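First chain written, first letter: the chains are A, B, C and D, and each begins at residue 1.
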C-alpha cells in the first residue's frame, strides 16, 4: 500500500502571472467556470495558490505598490475542483461538501508575506478615516513564526488559514447576490453610519468585466463576456462560504459547505499566514502565497438535514466550520473594550461595528505608548492572532465589543504597571529603516521608539 | 501573621429585599451615592450581591415572573466602595483603579440560577422578533457545573463572572451620558435597522425616579429626588465599565477602571454563573446571587498614562481587562457563521450586529435538529460558554460574524455526520416537565426530542 | 424543586483536635472502620477535612513544629462514607464507585497552607540527602492564588485537589498489603539504590497501634486493639486509591474506584491547595484543611468490566481517573532533564526515580541563580503546578525524566538569556523575614536575593 | 532584502542508503567526527534526516523486517554542524548553544511512519516480558494527522519532534560515558529489577566497530578504527542531549545545549511524527524520515551561568528545553495509575519505573476492552500523545506513576459508563488485514473487534 502523498491538483509557478498558470485561476464566482480537476472523497490532494494580488505586492521598502494597486485585478483563487464520491458520482445540489484541512503553509522558497492599509481613495479599510494613507509591513517567516522589520519587538506563531474557501453558486443564488448588492450600492447613503469618510469606500463591488479572470474561459470570447457581466466579485463572504476570513480555520479544521451545483466546484485562495479577528486593515492578514492539503467528503442531502435557510429561498444558508485542537494557544490576554459611541461622542444603537471600531482604536492608542507608531499597531492588530468578540449586544443603547491581544507576542510586558512595582527600563527598539511609509508627498512615518 | 481571610464589606441576606439589606444597594450611577465602606489597596475583601432582579425571579415552573417583571426595579448593585492607598489617601480622578478578581461564586445555600427571554412587550431581546414570548430555564449547580431540567443533555462548567463592575461617574461624565442617550431615544427611528419588531424595545433607558434605589440616600428626600432625576440607568456598559458582560472576567482576571471621582466608588453586581458572548437573550446569562473576593490597587495618573480619550473630552475612555490562565478551556468547537444579510434577504453594509444575529439564528436552527426546541437553544446560546467573534469587518458589503460552540457541553455528538459512518441511535431525551414555557393562552412548548 | 445545596456529611471544627471532631476521623485503612454517614448516588454532598497533620503545623516563623512532628499521628481522613444506589442498595465488591469532584477549596476562615521538608531523621524526603534539615514555607491564599512570604516573587493559581481519596480494603486485600510491605521493610537493604542517606527514611510504615485513630471505634477497646494491629497506614497509594497525590484531580475530575467491601466506604483527606508532580519534599504540597463537594455513582460489576487485575489475585487493580477541561493552563514551560546517572556519576539502569531526582536537582540549581536559596526552590518545586514526566524509559541504560515549570508563576523572566539581548536589571527581592529555616544550631537561611 | 528561505545544509536522498548520502551521516558520538557544514547564529537552515533505521523498515504487511533488524546499524543522524557567531567565531566549550525549532515535518513524498515492538531476543522493549514478539503498525499521514490500518478507529495530530538532538562530547566526557556504562554492563545482575525477562535486553550498548558510521571518515582507515572503538552509541540520552525522546520538543521549542568542543558540532535525527511519554515499545514513536528548520544562537559562558554540574566533574550537566504555545492541546484525559508493586505482587521501594510499567499495563488492558488486541494498544500508547507522569515519589513504599490518554484520539467514547446511561452500540471495526503480526511460526494476531 502506497503512502498517501497528496496529489497536486493545482500547481502554482511563482514566476508566472496569475493568468499564465498551468491550472488557470479565476477571480469571480459563477456556475459556468469549468473545473480544473476532479477529486474523489477520501483522497488527499494539494492545492497551491498565489497571494490574493497575484504577486502585485513586492517585498520592498515602499508602499507605492499598495497605493496604486488595481483592485479590480485581485483575489485570484485556485479551482474550481469538482468533487465526486467513491463511485464517481458527483456532489449534487443539496449535499454538504466536507473539506478537511489536513495541512497548509507558505510555498517553499516564498516564505514571506505583507500586511497593508490601502489609501482611502483606493480601497480604504475599517479605520480609513483615522489612517487615510497607504502603508505596508513585510513579514518574514521562521517556520511557524513571523516577524517584521517594520514592527520590531513582535514575533508570533501564525494560525495559518485560507481566507477564502467556497463552492460555486447556482445561477439562482448568483442572481440573488447581484440583486441585493446592487440595492445597497444604489441605495447607499442611508447605510453610511460608521463614519462620514467611509463614503470613499465602495459599498459593494458589482460584476464588472474589468480585470475579470475566468479560468479556462478565454478572455474576449462571447462566453467570457456573458459570464464576466454576471459573475460575482469575491470580496464578501456569502452563502457559499467564500471570503469568510475566519482566522482559526487552520490545520485540522473542517468546513461544511453547501453544494449549489453538480460537482460542488470548490475554489480556495487568499492564503493568510496569520490574521486578527476582523482583518481590520482590509489588506489585513499576513497575505502570502501558499498551499493547502485537503480531503473531501460528501454528506448526501446534508443541506436539508443540517442547514436551515434563513431568508426567502432555500438557498439562504451559511456554511458550518469545525475547529480542532491544534492551534496555538495563549494563556494571558489583555482585553480592550469599545462601546457603540463613536469618536465624535455620538450614541449608536446596539451597533457592534461601531463598538468594535472603538475597541480597535483603544487598543491601537494603548499599544502606541510602548514605543510604536499608531500605523504600526493598526497593521499589527490586523494580522496578529487577536480575538474580536461581541461581548454584549442587548444592553441598549450600547453594544460592547472587545479585542483581546495575547501578551506573549511582544518582547516586553505590555500590561499596565502599578507605580509601586519597580520595572526594568523600557526596551529601546532598533528597527530597520521603516518601510511602513506614506507615499508621495507625505513624510515617512518614523517609529517613535526608534528616535527616542 | 494572620492569614488574609477576606473582610466582608457588603453582606447580603437573601431573606431580605434589596432595599432592606444592611449595606444598602443601589441601581443607578451617580457621583453622590455615598460609599458603604472603604478598602485599602492590597486588602482582600468580599462583596456579596443579589441577583440582578433582587429575588424577583423564582425557582419555579412558570415564566410568569419573567413575563410580568418590572424592569424599572432591577440591576441592584453592591457598593459603592471607596478605595484608598496604603497611606489612606483616596484614589483620585485621573488614576486607574486595578481590581483583581481573586475568587467568586454563588452564595452558599443559593446554588441555582436562571436564564430567560423577556416578552417582546416587556424588555425583549436580541431575537425578540423570532422569540416574542417569555420563557425561563432554571439551572442548578453542582460545584463548577450547571445543568437545567429544561434543557436536558447539556452540562457545562461556568466561567463565572460579574456582569457589572464599574466606578462612579463624575457629574460631567454623567451629563455626557444623559445627553447622548437622550438623543438616540428621541431620534430613534433612523437607528432601527436590526429588525422592525425591535421598535418595541426601548432605545435607551433614561433617568427615572421610578424604581430608583440610591443606597444610603433615603427615598423621597429632596436629595433623593434630585439624584434620582439625574442618575444614569445601569443597563449599558459605558466609560466607567458598568454592565460590560465580558464573559471571561472570571477568577484571576484584572480590571483597570478609570477613576472619575475621589475614592473611585467601585460598585459591582449582576453575577453570572456563565454567559455566552453577547448574552443574546438579554436576561441571558445564568443569573444568580453571588460573591466576589477582590483586591485593589491604584495606578496614580494611570488614566493619562494608559488610556486615550476617544471623543470630545478626556472622559471618553474605556477600561482595560486582563484575562488569566485559569478559565475552563475547550479543544473542539463547532462554528456557525452569519453575514450581514438579514432574514428578509436584505443586504446591510458591514453591519456586525446583523451578521451576529444571523450566526445565532443559524446555530439555534442547527442545534434544534438534535432533539431540542428552538426556545431551548436560544436560552442555551445565551448562557453557555460560546464565543461570538467578529471575523470579517472589511469585505464590503458583508460583515462576517461567527458563533463558536464547545462541543463538549452536549452529551451527544452534535457534529454533522457523513452518511458513511455508522453512528449510534440519536439519544432519546427524557426531560422533566418543560418549564421553559409561554405564558397565558400560548401552549406549553413541548420538547420535540421528548415526544419522538 | 429545591436547588441541590450540598449536604454536609463530614463537618470539621477547626478549633477541635482530630479526635474531637463530631464526625470522627480515622488515619488507617481497615474494612471494619464503621461508616460515619451514607450517601445516595446522584446526591451532592460536602466533606470537610483537617489538614493532614490535624493542625500540628502552625502559621509561624519557625520550622520547629516540622522538625519535631510525630509522624505516627498524621494523615487524618474524613469518612468512611457508605454509598448506596437510588434504591438504597449498597455498592458491592466488584462494583466501580464513580466519585465526581464538583467543587473544592480551603475552609472559610482558614485560607492558608504550608509546604515543608522534614528533617532527615524524622521523615526525610526525595532529596533528603541534599536537604537534610527541616524547613517550612507558609502560603497565603488570595482566592485561587497562593503566595508565600518565604518565597517572594512567586504567585500561582492552585490546581487544588485531595491528596488522598479511596475506598476501604477488604481483609483479603489488607493482608496482601501487610505481607508485601513487611517484606520490603525486612528485606530492605537491596532496595537502597536511590542514595545511601535514604537509609534513614522508613522503607515502609507497617501497622502500629501508636497514634492510631479509628473513627467511631473507641481507643483502648479490644476491637480497637485488633483493628489497630491490622490496619494499614495511609501513606502510600495502593489498589484502593488512597494517597495517590495526583495533582490534577481538581474541580470537574472523576475517580473510578474499585469497591472491595459492601458500601464502598469512601474516605478522603490530605487536601492540597497545589502540588507539583511527585510532591518531592514529602510534606510537599501546599497542605491545608479544606472541603470537597462530591457526587457518586455506582457502576455495577464495573471492576470486572473495566479493570484488569495485574497480580496473583483479582484484587490487584488500580483506580482510573478522568481529568476535565477546567484546570489552570499555562502556555510556556521551561523543562529540566535528568538521566539515570546519579550525583556520584554512577550509571543506573533505566531507573526513572534516579532520573527524576536529577531533573529536580537540575531545576533547583538553575532557579537558585535567580535570587533564591536552594531550600526555597526545593519547597517551590514540591508545591507549584510543575509537571514531572517520564520521557524515555527504553533507551538503555538511561531513563530520561523531565520536570516542566510554567514560566508564568515567576514575576521575572527565568529563561536563559542570549548575551545580545538587552535585559532589565535583575529584580531586587524584598522578602519578609525568611521563615524557611533550619532549626537548632543551624543558621537561618538567608535569601541571597534579599541581601544583594 | 531577501526572504529567509531556509538554507539546506543536510539534504537526504531517500533512494540512497545512509552511507551513500551526499552529506555523510553518522551513528556514533565522538568529538573527531568532522562537521559537514557550518551555520551562523540567526540563520535559518534546514536539516533533513533518514528514519532512525535508514530505510530498513518497510511499508509492508510483515513485521519480519522488525524481527530481524541489525540493531548495530541504526540511529543514523545528520550533522555534525559547526556553529559560529555573527563574527565567524565558533561556539566554545562552556557556551550554551540555543537551537530553536522553527519548523519540522516529514519529507515530501514520504508521508508515512511505523511503530514497532522488537522481538525480545533482539532489542525488546519496556514490556518485552509481556509482549515478546515483533509487531509493526504502519501510520499514514494526512497533514498533521496520522492513522494506521493496523489500529483502526484512532486518528490524532502529531506533536512532531526530533527524538535525538545533541552536541558532540569532548574526549573527557566520552571517557566518562564509556567508563560508567561499562560498569553497568559488567555489573548488571544487581540492576535487574524490572523483570527477569529483561535479562535479554542489553544493559548498555558499548562502543563497537560493527555497523559504525562516522560521517566523512572513511570506513576501514586507521582513524576510523580508532574512533569507532571509542565512539559512544547514540541510544541513551546523556549530558549532551542526544536521544532524549522529549515528545513535546516540537515547533516553536528551544533547546539549550551545553557546548563541549569548539563549534559545538550539533547533530540531530530520529524524527518522530508523534510519541507517547516514555516511548514504551522502544521502536515506539511513529518513526519517520523528516526535516527540521532550525535557528541557532550562542550564549557565551552560558554553561557556567545557567547549568550546575551534578557529579564529579563540570561536565555532568543536562540541557534545558523550552516548550512554546503551539502544540496540540487536548481538554479531556483518561488517566491510568500504577504503583511500584510488580505483576507478581512484589513490593518495590519508590521505584517509578515499576510504577510506570504498571500504569502502562493497566491502560493497555483497559483499552483492549474496546475492540482492540493488547498488541495494538501497546503500539498505540507508545506513539500517541499520551502523558506519563511521576505523581508521587515520596510516599514509601509506593511510587505512583500515571499515564494520561487524550480521549479525543478515539472515534468512540472510551470512558467507563454508568449502567444507567443508555449508550449506542459498540462501534464495529473493519480493519484492513492486520499487519501487526508475529512472524515465523506464531499465528497472526487477530483484531478481536474485527472478528466480533
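In this text, a contact is a pair of C-beta atoms (placed from the backbone, for glycine too) under 8 Å apart; a residue touches a chain by one contact, two chains touch by 3 or more.
Every value quoted in this text rests on a predicted model; they were computed, and no experiment measured them.
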Query: Any idea whether B-C or B-D has more C-beta pairs in contact?
result: B-C
Message: Farthest chain from chain A, going by mean C-alpha coordinates, please.
response: C
Statement: Between the Cα centroids of chain C and chain D the separation in whole angstrom comes to 31
- line: For the pair chain B and chain C, the C-alpha centroid-to-centroid distance in angstrom is 39
- prompt: Taking each chain's centre as the mean position of its Cα atoms, how many Å separate chain B from chain D?
  reply: 50
Query: Tell me, which residues of chain C touch at least two other chains?
result: 324-325, 329-332, 408
Query: Which residues of chain A touch chain D in their complex?
result: 1-6, 44, 59, 100-104, 108-112, 138, 140-145, 149, 157, 251-252, 293, 295, 324-326, 328-331, 408
- request: Going by the contact rule at the top, pick out the chain A residues touching chain B in the complex.
  value: 96, 98, 125-126, 176, 180-181, 183-185, 188, 190-192, 194, 201-205, 235-239, 243-248, 256, 277-282, 284, 297-300, 302, 305-308, 310-313, 316-325, 329, 331-339, 341, 343-353, 356, 358-359, 361-362, 365-366, 369, 387-402, 404, 415-420
Field: Footprint of chain A on chain C - complex, ascending
entry: 329-332, 408, 422-425, 427-428
